[in-house]
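In what follows, subunit A forms one complex with subunit B and a second complex with subunit C.
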Partner chain A sequence: MRNLFSDDEQEAIVELMNLGVGRAASSLSRLVQDEVLLSVPKVEFVQLETAEETFKELLPKALAGVTQAFEGFINGKAALIFPEERSLELVRIVVGNELSASEISELEQDTLAELGNILLNSCLASLANLLKREINTALPEAYSGDYQRMLEVLCDQQDSLIMLVQIDFSLRQRNLQGYLVFIIDLNSATGFHSALQDYLADLLGNDL
Partner chain B sequence: MTSEASITSLPASQDEASLLELIKLLETGLVITNSHGQVLLWNNWMERVTGIKAQEANNQSLIQLFSQPPAPALLDAIEQACIDRLSRRLSHQLHPFLLPLSQPASGQQLHHSILARPIKFAGQSACLLQINDVTSTVRREQHLRDAEALLRFEKEILSLVAHNQPIESVWQALSTGMQKLAPGSEAGLLLLDEHNQYLTNPITTSYTYLPSQLTVDSQTPAGAAARTGRLQLAEFQSKEQPAFWWCHPLTTSEERLAGVLQLAWPATAQEPTASLTLLERSAQLAAIALQNHQQLLQVRYLAQHDALTGLANRSLLNETLQEQCAHASQQQQSFALLFIDLDGFKSVNDKHGHDAGDALLIELSKRLQKYLHPGDMVARLGGDELVVLSKQASTQHQAFVLAEQLNDRLRQTFDWKGIRLQAGASIGIALFPDQGDTANKLLTQADNAMYLAKSRGKGQAASCDLSAVVYNEQNSNSEG
Partner chain C sequence: MPQVQRLLLVDDSRVARLTLKKLLQNTGVELEIHEASNADEALQLFSEQTFDRALIDYNMPGRDGIELAHEIQKTQPDLPMILITANIQDAIQEKAAQLNMKFLGKPVDLEQLTQLIKS
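Showing the complex of A and B:
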């Protein structure tokens, strides 16, 4: 599965994610009326069997974020993940809230879900646009828990391909690190594969 | 694969009627629009919170329906759902005014969040909007925030008080904190003077509405609060414009009126949230600060005064003497230090007991205080040793005259419980800067001079600089 995508294809994915993240940054900036900088994403493919190990290694212990299902040329679930305490920070930076309670409030949960929604929609929509495919998304849901709980939420299928995308957020001179995770149903991974090939072929101006 | 993201097609024909009936029963807002924001479905809940009937809403665009246009984010979300088939969650915190909705009962703003989902409706791409009432959540979280802000404010003030910070900085923090908690308002306090005549702002604040000083009998809410000891909620015409002016009396733990807490805001603006609670809590905090301040003053007083006579003790004398040396040196002035040792005091104690000695000491202290000028100071170093710091006596001659006058007053008899008590004094004189330019030197010189005076016979005054004894009247009784 690691070799499902060629080097060219992997590079294309990074490029596509980069464009998607760029679009997300501008939507976020508009929303918070402040400059939001998102770093160039680091993309990593993770095998389901070793996902637990990889997540444990890469991700912070307590996680919070937003998940959103998508369907179209690829099916699966996407997630925006933060270390739990930082997710609260993101909301409070954006909303300018003064609450000191350590727990995220109901309204803040909703706000976090929307922020995730904006980011994930942007990434998925630009991916679909660039690949000239169609995709539609479900409503986002906020969640919290550890990496195991997150894997359970994300991977309800045995045959899944996991794409882990790491991005850094900068808001008003404060840095936040977050992850985007895309769990792609393997059955649709072939669709992704062919879409990528078409895209690369278009770029190179000839059929592969 | 999960079908969460799949586009829902609403059933048609015969099922449609019953489904629409169901939608009417929902206690949440449901609206279906096309990509242009034209209404295709408008449920009963929406009728109630907008006052717009479904017949009026149908086929109208959301922009035309309301006098205030919907938030652009909502129109974007509708377009995204219809065209890009993306679901959107529009949260209340990021979009406080999505639609102009109001609560049917009170007419107050109805806080809401909206979920936008792509659907197929009547054969076309459409957007399902689910409008959720979050008013009670908003209110609950607002209360939580207000309570937290108030707690932080209290913590700040109490921390200043606990660390015995100067009272002015407590008043400053109190005023600033109150204004911060009641944005758009002016807030602060007025303290009552000792004659119960004036109410004065203890810190410098430039107010538009609030006065910085007024008389207690003025016809103002602050005056009334001070006179009646009760909360005053009034509207008044300020220099600028009509404003609200709320005043809460500041009473100490002994129920004594100490001032007034005040809060004002323009009549055109909304009342700051929880302003009454803020005034009450600020008054309590101010009372705590005042009480602590007074206790602090008391502790300081006790640490610097002699318990028996109430005169300054050695510590306060040293402090004052150092200040006076610095001041006199700067101004190139002289002053005198008189070291008084009572003659015959020991025999009073021996003959009549310590109570008699104590009573005599108290009496003599009073005589000294009464005779001296207000700027002068008398201190008790212990036993029968007293020190006078006189700014009036700036020459040897003046100092000797003063010593003589003091001795005249000290040796007058005093009747205590039918017993006639008497003590004279030997007085040593030291002048700043001739006999010493520091507190220590002056005290030592005055002490030495006192011994010189005593050695020449009691009831005398001496200066170490003078070989001659200036006056030498007959010895007072007994020993020294």
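Showing the complex of A and C:
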């Protein structure tokens, strides 16, 4: 895979995602009243088929979650993913125990969409703020299915060159694991590149 | 502000409205809460009734929260409005400030919400 970014730029991407996801984790922690443990973001520059292998290895068979498209200085889609079998439990944690089972079930899609909206927006907005750029996010869309279905939702162009940013997180007390995935279309990476260069120039300037 | 505030809550997510209503009930302020799930519904309600404050989500189908606030201000320039969103970008906060709207990030903090509702 051709390397579009320098080592410094790649390090900056990991750090920026770390900061963005840190804010998202703090939001999640407040919503579910539990400590959120985060992995270090893993950044890969891949073609679609490599992403498929990664998803197959990483993700549970049945998934539930939310995707959200974004465009601006970077274009792509983000996803919040959970094992489908834990989805209702997560909904109950967010909306509270006072609702009946049928109400919880009725609110499942809406709750996941709102949860995704909060987490993915927290992360993307932090990224835009840190890079002093603007990004527009679409409405969140809840989905369920296997990893292939999810990849279809995330990548609509077969020839996409993508930056796959993968972060695993878990809720300490509930032993519930989830995943955040950002698929960034690098076919139009000029804006991202210049934002990273400005960010690094600022950092280096401050060090002098 | 009257003793019982008539407040319009605009958010396309039913869960977000439920969550916010629960928080609003804990602010200690007497509120009469009305709901709309998009900008058109909100504007319809504004054409029929009066409200003392509006809490508006940013990211909604159709017109977004900033566009809605802009429409509301054409007829009620002094209505206190709060933009509520997980999209905490500086650019969005600036747009809210230009319309004199207060800004609250999601998930909403009860203390901040209470402070804004009492102001």
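As a convention for this text, the second predicted complex is superposed on the first by the 158 of 208 C-alpha atoms of A that agree within 3 Å, B and C clash if a C-alpha of one lies under 4 Å from a C-alpha of the other, contacts with A are read in each partner's own complex, and residues count from 1 in each chain.
The working rule: a contact is a pair of C-beta atoms (placed from the backbone, for glycine too) under 8 Å apart; a residue touches a chain by one contact, two chains touch by 3 or more.
From a predicted model like this one, the values you see are computed outputs, not experimental measurements.
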Three-chain arrangement built on subunit A, subunit B and subunit C clash or fit: clash
Partner chain in contact with A:S105 - subunit B first, subunit C second, else both or neither: first
Subunit B versus subunit C as contact partner of A:E71, first or second or both or neither: first
Per-residue touch tally on subunit A - higher for subunit B or for subunit C: B
Subunit B versus subunit C as contact partner of A:S126, first or second or both or neither: second
First, second, both or neither for A:E114, with subunit B first and subunit C second: both
Touched partner set for A:D185, first subunit B, second subunit C, both or neither: first
Contacts of A:L31 with subunit B and subunit C, given as first, second, both or neither: both
Colliding stretch - subunit B into subunit C, listed as 129-137, 363-371 or 435-443: 129-137
Where subunit A meets both subunit C and subunit B, residue numbers: 31, 94-95, 107, 110-111, 113-114, 117, 121, 124-125, 134-135, 137, 139
Touching residues on subunit A, where the partner in the complex is subunit C: 23, 27, 30-31, 94-96, 107, 110-111, 113-114, 117-119, 121-122, 124-126, 128-129, 134-135, 137, 139
Complex contacts: residues of subunit A adjacent to subunit B: 31, 68-72, 75-77, 91, 94-95, 97-101, 105-108, 110-111, 113-115, 117, 121, 124-125, 134-140, 156-157, 185, 187-188
Residues of subunit C touching subunit A in the complex: 12-16, 18-19, 22, 59-61, 85-92, 106-107, 109
In the complex with subunit A, residue positions of subunit B that touch it: 1-7, 73, 80, 84-94, 113, 115, 117-118, 134, 137-138, 141, 144-145, 148-149, 152
